[in-house]
Amino acid sequence: MKQQLLDTVSINYDPRVELIGAASYFHAQGWMLGTAGNLSAKMPDGSFWITGSGKSKGKLSQEDFVRVYPDGSIQAPLEESVKPSAETSIHSSIYELFADAQACYHVHSVDANLVSNFIKGDEIPLPPLEMIKGLGIWEENPNCVMPLFDNHLKVPQIASDIKTRFLAQKPQIPALLIRNHGVTVWANSLETARNYIEITEFVFRYMVAARKAGI
Amino acid sequence: MKQQLLDTVSINYDPRVELIGAASYFHAQGWMLGTAGNLSAKMPDGSFWITGSGKSKGKLSQEDFVRVYPDGSIQAPLEESVKPSAETSIHSSIYELFADAQACYHVHSVDANLVSNFIKGDEIPLPPLEMIKGLGIWEENPNCVMPLFDNHLKVPQIASDIKTRFLAQKPQIPALLIRNHGVTVWANSLETARNYIEITEFVFRYMVAARKAGI
Amino acid sequence: MKQQLLDTVSINYDPRVELIGAASYFHAQGWMLGTAGNLSAKMPDGSFWITGSGKSKGKLSQEDFVRVYPDGSIQAPLEESVKPSAETSIHSSIYELFADAQACYHVHSVDANLVSNFIKGDEIPLPPLEMIKGLGIWEENPNCVMPLFDNHLKVPQIASDIKTRFLAQKPQIPALLIRNHGVTVWANSLETARNYIEITEFVFRYMVAARKAGI
Amino acid sequence: MKQQLLDTVSINYDPRVELIGAASYFHAQGWMLGTAGNLSAKMPDGSFWITGSGKSKGKLSQEDFVRVYPDGSIQAPLEESVKPSAETSIHSSIYELFADAQACYHVHSVDANLVSNFIKGDEIPLPPLEMIKGLGIWEENPNCVMPLFDNHLKVPQIASDIKTRFLAQKPQIPALLIRNHGVTVWANSLETARNYIEITEFVFRYMVAARKAGI
């Protein structure tokens, strides 16, 4: 039955090619080096495709993805040995929390790691740059913060922290930062998710350079 | 009548392909990330083509542009839903102020944002680099400033500030900086406008690094 | 006899094309500028292919490699004048020390050179970044160090220092740093060696930026 | 007579394609932005091809070069309007001073501009990096300096300063730096000149980062 659904949907929509392109681009920017980071896209039936664990992100192929269903079952259509990303639980939480999310991207950058160590608290203020508009904040000199979470070896603990905090209060922007780890964004299209990664990385780069320059 | 003009002119000259190439290049440099920035080129009839609002600048197509006429009317030839850039009023002001301008480019870089916060005044001194010659300043150790404008949520306010100041006094160089936002250049050809962007970004990068290095 | 072996093996496996691709990529990152750096890959018979001395690393061809045998003999199949990398002795030591190593990559980056001058000792602590997992360290906030060796004009002296220290104590991670020179990694596949270079360079970049930002 | 010579030589050797490739690569690195920088290559008859003045360096064609003869005469074969680089006199001086030089490359980088302001004197000490070997210095912890010249609006003044100083004392390395302007290298092949640019820019990048990091 699930197999039948998959076949029908595949004809109409397969986000893996676009995810491969995004991963290759993020890799070239230095944001998915080695096997770091993970990208996913939701399917009409509520499942999502996600990058497999331990795959080099600069050279993915369609066989390097796994499909994860709402009931937690997993399908690796072409290669049985592919395991879903170790951070699948974070993606699941994001899709549960934000019904409109169609894509969830997580990358590792030097600047995001640095910014995550600027403060000890659980949110980080963003500078009032014009670029912030690209995250949906249309205010003059916006007063905006990004949620910041501690890193844990056990990823489900991070996923649980995200769920608990966001159920209590939705974040201002579709992005969160994990300390010493990297940013996660979600959006209602793959193109917009890619733009959000570009914008958050721009803002991190500004924050790091501003701190170095004493601004 | 306007449609007829358009058809005739199109045969001879369509700057959109070159604008797409420039946007793709600026995007790759990190200066047009997400949907940031806007580029325009003037047509022989006094109208100009400008990038549409909310388009990802790394992957524009000809349908993503809008043509703006001197009377303020707008034409989106292939897709009705395309809106002109939110910053069209700045481009209009530049073409009004500088009759020779054939292109006007505006990009968002981390370095430009940083430099705009170096001082509180309304102009910023540039270092005496050889590169400044590329902006038309042929002096030994030139004493050159770039006009600096405050950012506003309402873009027509920025456009109005530019017009007022430049009508009172023309700037030394074909470039201006908007605080926390980015640089705008204008030139008598698309190639020269692209060179001006490269040169101003080089100078900003120098200024940021010099400040960090204590020079 | 050796020639016969070579012919048989060549049919099944020639790592030079992948090494050329890796060198071209590292060059584009600024890690193999000029003729700097050297890459090698082990063959089933215990010999290894290594980049020739004095070759521009951004544009290698298969003729620019030399094959080094366990007994120290050398074969430059297509061009007699090609000499093995001046740092061949380091690669030989690595393959002797680590029986599983199938590839050994050595590159020169600005960040690696900077980090090597952060301390005077013979090992350097790494920050507890998520990226460290990519080097095989699966701990929460890992306490990890990279071995650091002094540079010598006579490369066999460096190779000897490496052998002496690693025979006494194996390093935590498959990587070592030579002061004012660059990083060396080894792995059980060429793809993994490439990932290790990406990860160590990411970590160096973080360390340099963190120091500049006062973190 | 000169025309006849040109025809004969052209059949055998035309360095312009390789110069175009080098300029495109340097442009992509941010070292020949706008119309900045100039590259030349010597011909068997003692003349040299040099990039034309005011050309965008990221998109040169063979028509954008001028041939300069030892007697000072100039030939722009395909387009009369092309003028030789404003800095031709520096290239002429280099070829006069160094008989073995077959190529002379001059680029403008942010790091070179910064380094040129580290000291007020007329030479700058280089750090003892392994990369220095690539400039022909084979010493342990080499004690090496790069000649530094003041910039002048009148380029022949710079050329004259170079000649005077180098006739009195040859530099240790095939490179010189002009303050607020950029580096010039020369070599006995185009490939080696390209490598020298890569190496000097690597060293400048190190010097700037080391100063920022307090090393």
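By letter and in written order, the chains are A, B, C and D; residue numbering begins at 1 in each of them.
What we mean here is this: a residue touches a chain if its C-beta (ideal position, glycine included) is under 8 Å from a C-beta of that chain, and two chains touch if they have at least 3 such contacts.
Protein identities per chain, from UniProt: A, B, C, D = Methylthioribulose-1-phosphate dehydratase.
All figures in this text were calculated on a predicted structure; none of them were measured in a lab.
Visitor: With centres defined as the mean of C-alpha atoms, identify the chain lying farthest from chain A.
Guide: D
Visitor: Chain A-chain B contact: same residues or different, taking over half shared as same?
Guide: different
Visitor: Between chain A and chain D, what is the gap in Å from one C-alpha centre to the other?
Guide: 45
Visitor: If you average the CA atoms of chain B and of chain D, how many Å lie between those two points?
Guide: 32
Visitor: Residue numbers in chain A touching 2 or more other chains?
Guide: 212, in rising order.
Visitor: Which chain pairs here would you call touching?
Guide: So, checking each combination of chains, I get A-B, A-C, B-D, C-D as the touching pairs.
Visitor: Can you check the complex and tell me which residues of chain A touch chain C?
Guide: 30, 33-36, 56, 108, 110-111, 113-114, 117-118, 151-153, 178, 180-182, 208, 211-212
Visitor: Over in the complex, which chain D residues touch chain C? Could you list them?
Guide: Going by the criterion above, the answer is residues 127-131, 134, 138-140, 191, 194-196, 198-199, 201-202, 205-206, 209-210, 212-215.
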